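What follows is a set of structures to go through.
Presented sequentially are two complexes of chain A, the first with chain B as partner and the second with chain C.
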Partner chain A sequence: MSRTRSYGRKNLIISILFAVLIFILSIKLDPYNLGQLAVALMLFIGVLSIVLLTGASGQISLGQGALMAVGGFAAALAILNLGLSIWVAIILAVIAALLAGLLLGIAAARLSGPYLAGTTLVIALAIPSLATRFESVFGGDVGLNINFGNPPAWLSSLMGSVGYEQWQLLATLPFAVLALLFTSNILNSRTGRSWRALRDNEIASSLNGIDISQTKIFVFVISSGFAGLAGVLYGLRGIVGPSVYPISLSLMLLTGAVLGGIRSILGALIGSILVVFLPDVIDSIMKHFSPSEQVANYLPAMISSLLLILTVVLNPGGIAHGLHRTRRHL
Partner chain B sequence: MEIFLSAIFSGTSRGAIYALAALGLVLVWRGAGVVNFAQMGQAMFTTYIASTLIGHHYSYWLAFIVALISGGILGAFVDLSVMRPLSRKRSSNFLDSPAMRSTIPVIASLGILGILQSGAGIFWAAEERGFPTPVNSLGLVIGGKTMPFTAFDLFVIGTVFITLVITTYFFKGTGMGLAMRASALNPEVARLSGIKIGSMRTLSWTISGVASSLAGLLVTPSANLSPSTLDLILIIGFTAAVVGGLDSLLGSVIGGFALGLLISFVNVYDTPEDIFLAILVVLLAVLLIRPQGLLGSKEVRRV
Partner chain C sequence: MALVAGVAVSSLAVTALPATAATDPGVTSSEIVLGMQLPQSGPASPGYNKVDDAARAYFDYVNSKGGIYGRKVRLEVRDDQYKAGLTVSSASSLINKDKVFAFIGSIGTQTHISVISDINRRGIPDLFVNSGYSGFYTNPKTYPTTFAGLGTYVVESKIVGKYIKDTYPTKKVGILYQTDDFGRNALQGFTTAGLSFEAKKTAVNFIAGTQGSIGLASQLTALKANGVEIVIIAAVASATAIAVATAAQLGYKPDKWVVTSVGADATTFQTILGSKGVTPAVSAGMLAGIISASHAPSPGDTTDEYVAAFKKINDDFNKGPDKRWDNNVLQGMNIAYMATEALFGTGSNLTRKGIISYIENNGSKMSSAALSPLGYSRTSHEAFTAFWIGAYDGATVLKPITGTRVLYTTDSGTGPVTVSNYMRPALPADAIAKGA
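Up next, the complex of A and B:
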């Protein structure tokens, strides 16, 4: 009990430090990097959904992008058709994603490994295609326009003029902190332990009284809620549409999770920063070599795929695992 | 009636290609225990090689043969460079549990897919290009009447049929095919009888590479060639393989034809936009009602 409580305090302190760090960055960075950092935080929430699902409970999903789309479209419909504020819409979006996750989880609890991977991949392709199918509701290929709106007056009076990118970042920050706090607490709890037991040995965990399919569905629901939250924030940058949530988004989340460390929250943060900023870094290096347009377009994808394979073969624990190991050796 | 017949014929010819893609997946799943999500990426890559050769005015048939051979080489390369080192690492902390053991190769194959797609983008530009057919792809005219199928449809069905006959003969009639079946069925016992398991795995990847390369060559004329054109075929091939039972060669072929017909009917009688949804419905229905597929062996679960 006391151990859990001390974990709780530690998690709270880390979350506050994280919030302060991002807040300082939000004052220092230029608009472009503010926008990029905001995207990284949104994807951080999405990558956490994979840390919970794949890292903790051992189920794979290539369809997190589809759940992000569910969140995004639910919020867009709530804002545009019901005239709700974005904050209410965000809550509705998370609820919609939780429900979608429940449906998905009921099917997914019976599947494992490659079956689950293939099924979620089909879902990642099928859900966004619904937007073009029911064009009148979901806005077709173009999508629906929503955004974070203007920063509230009290914030502007507190911080001077707040740019739109800065507002995106500051509006995303509380959700990222909540996601961080929630994830670190649940992974250190009895629930988190039962997820890991399920991953490591289904038979043993069932003998210890863990209901396998109920637990699997529960993980799916929680993970979907995270993906939905990431999705609505991602859509609030401007557009909710099939082109915003392509299959490559799902794969990007998975890449971030694996590169950073699929079992680590710190890894999720490192991974999401990596997938967002790596293309920028590669671009700024390649500028000196004046590459052709197609090399400039495809090189970042090539390098991140290469890193993905190298990580899986050489260091499946990702960067966070590597850091942990280095610290232990020191 | 005309429309119905034409849907049947185009569905059969499409289905033949899906059967090949499914066959490629099943070969690697049985042989190496991996669902290869990079498979149609490999096919896309070899189709680009063929397209480049044809662009340099070599004959279609030379390009065809070169693409098949490079498909085999690419399959073997994927196994030797990534999958074999991965299967050797199975004792590590991260691969201890069965859940992670089946998940990690999937992630690796997605990485390979990414490399092949971005590589094709770098080598062969991002713009789409067409791909020729060796024979006429207009409606065949017999006795002054236009038939609801084309010469190319016949070519596709013929090629796939020959491939299936050769594959069946290889597995049932040759010593090496027997060795491959043995190592898929029980690696430990096969090893004890002197079969080199590693080589058999690489051989599965090679044959699967050739089959999927053939699928790529046959399907591309109806779509434009671009780094991600064949993603859809992967999805359909996977669904077809699951419908047939992921470990049954015959089942995957039946599944391929079934999906070809289904998609053709959705295309003709409904709208092409519903294809993804139809695939998803079929996939979920099979997985929930009959997870072992039409002909697959039933998985024994201990709990």
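Up next, the complex of A and C:
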């Protein structure tokens, strides 16, 4: 019990330090990088959903982007049709994603490996396209416009002039911190250990009294809540629509998780920052070489793919695992 | 603690990225930075991906003549693949990273919808948008910084719709449109003109961007099954080519195809069909007889002084991968020509408010390659308010349908269609307008 309390205290301190560091960055960075960092934090929450689902419990999902869409659309409908504030809409979005995760989890509990991957892939393709099927509700392929709005007056009076990108980052930060705290606590709890047991050996964990189906459904529900939260924050940048949550978004989350380290919270953060900032770094390097627009447009995706292949072949644990190994060697 | 260390390392990495000055964005003593969003890749890109290179070519020409009050124009471009989600990210990049002074000529209705509020909220001039969606322009109080670069789809569709109704009163008319505000806006214009359609029978639609994968066969089969004799297409250029080719495969031969101007570029039509193995001679035959409308001279009309001058600038300055002269190149050049005129007209003390005020007060007197008047004022940010109707000949040139070019004008509401006697200003000797 004291060990659990000790973990809890450590996780709280780390989360507070994380919040302070991001807050400092929110003052230091220029608007473009503030906006990029805000996106990285949104994706961090999304990648954490994969860390929980795949990294901890061993269930593969290629459809986290679809669950992000569930969150985004639920919030957009709540804001535009019910006139709710974005904060209430965010809560509703998470609840909607939890429910979607429950339905998905019930189906997923019967599936594993490639069958589960295939099912979630289909969902990633199907859910955003529902927006075009029910155009009058979901706004068709254009989508629904929502945004973070202007920074509140109290924040501006406290911090001086608060830019739109700064506000995006500051509005996202509490949710990222909560996601971090929740993830680190649950992974260090009895629940987290049962998920890992499930991942490592289903039969053994079943013999030890873990209800396999119930546990799988529970992980799916929690993971979906994270994805829904990431989705609504991602949509609040300006628009919720099929083109905001394409299949490539699901693959980007997976790329971030694998590059950073799919079993690590630190890996999720590194992976999120990598997928957001890597194109900028490549762009700034390529400006010296004046490539054609075709090369410039596709190069970031090509390099990400190459890094992904190299990670899987050379360092399957991702960057976080590599850092951990290096520290142990030192 | 590894997480905190990770954040700290990431912080250092991120803060190492260049920060930029926050004042007077996009304008220095030596440079004006403009931004454009368009599909450079993806299914909607064919044809439209030439607009940025054409605009840049014109700016390079202006720069070679000394620039605008000594400032060189630099055009930054972002590929949004015609996906609204990417438009949000790329707008942020242009605004915050490239620090553009203004957006010019951004392409796409559904994509621009995702960023127009943000651009306007920041007070950034959003000039000459390549979308004819009337909702962007008819009430400047909603989008005070946004100005059109095309005539509205409503204006064009009302004019063409009236022509169809008057010329083919007994024919059954159908429409194929894309399910966004572009398609719906055009549909609104045609129905305002008195044409009527029945959903899923004589009015069929598709999701923009899917035309390549779905081939539009089910939509055309529905039109064929319902005996549609005149097919209107209100969609991007790539969809036109696919629709006409698919109809040929289905053995569907409507009496007439009528295509809205943004979907009727001959080069794009032939290029897309060429990629499917259709020879230029055959695709020219498929294009022949298609009715369309235009606010501009036909790019094939080399006797037109604007066409001749812009074509030469394109030959000399366009460094894009495909500089073949067509409607898209002409439109890109014209957008840049108008932007240059507005920048000159605003004066050497260039501000965002200044250029918006200049266009609102002087825009209707600005010159352009278009044969149509410009509708810019304090109460409307519409661009071209008149169109002439033509049909493609066997040499892929849009020719006036009655032999003589007649300009028709109307509004984006329910006003009547009338003949316009507008005469555009002559082209300056150096092909650079210095302001009204």
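Quick note on the criterion: the second predicted complex is superposed on the first by the 330 of 330 C-alpha atoms of A that agree within 3 Å, B and C clash if a C-alpha of one lies under 4 Å from a C-alpha of the other, contacts with A are read in each partner's own complex, and residues count from 1 in each chain.
Criterion: a residue touches a chain if its C-beta (ideal position, glycine included) is under 8 Å from a C-beta of that chain, and two chains touch if they have at least 3 such contacts.
As the structure is a computational prediction, the values presented were derived from the model and not from experiment.
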Quiz item: A:24 contacts which: chain B (first), chain C (second), both, neither?
Solution: second
Quiz item: Given the touch rule stated above, what does A:251 touch, chain B (first), chain C (second), both, or neither?
Solution: first
Practice problem: Answer with first, second, both or neither: which of chain B and chain C does A:130 touch in the superposed model? | Solution: first
Exercise. Figure out whether A:299 sits in contact with chain B (first) or chain C (second), or with both, or with neither.
Key: first
Practice problem: Based on the superposed arrangement, let me know which partner A:141 touches: chain B (first), chain C (second), both, or neither? | Solution: second
Quiz item: Can A:222 be said to touch chain B (first), chain C (second), both, or neither?
Solution: neither
Practice problem: Name the contact category of A:280: first (chain B only), second (chain C only), both, or neither. | Solution: second
Quiz item: When the two structures are overlaid on chain A, which partner does A:313 contact: first (chain B), second (chain C), both, or neither?
Solution: first
Self-check item: Residues of chain A contacting chain B in one complex and chain C in the other
Solution: 132, 294, 297-298
Exercise. Quick one: which bits of chain A touch chain C in the complex? Just the residue numbers, please.
Key: 14, 17-18, 21-22, 24-25, 28-37, 39, 132, 135, 140-143, 145, 147, 164-165, 180, 184, 237-239, 241, 243-246, 249, 265-266, 269-270, 273, 277, 280, 284, 292-294, 297-298, 320, 323-324, 327
Quiz prompt | Touching residues on chain B, where the partner in the complex is chain A | solution = 29, 34-35, 37, 82, 85-86, 89, 92-100, 102-104, 106-108, 110-115, 117-119, 121-122, 125-126, 231-232, 235, 238-239, 242, 246, 271, 273-274, 276-277, 279-280, 283-284, 287-288, 291, 302-303
Quiz item: For the complex, which residues does chain C have touching chain A?
Solution: 1-4, 6-8, 10-11, 13-15, 17-20, 22, 40-41, 77, 79, 83-86, 88-89, 92-93, 95-97, 110, 113-115, 117-118, 121-122, 179-181, 207-209, 321
Practice problem: Can you check the complex and tell me which residues of chain A touch chain B? | Solution: 54, 58-60, 62, 107, 110-115, 117-119, 121-123, 125-126, 129-130, 132-133, 199-203, 206, 212, 247, 251, 254-255, 258, 263, 294-295, 297-299, 301-302, 304-306, 308-309, 312-313, 316-317
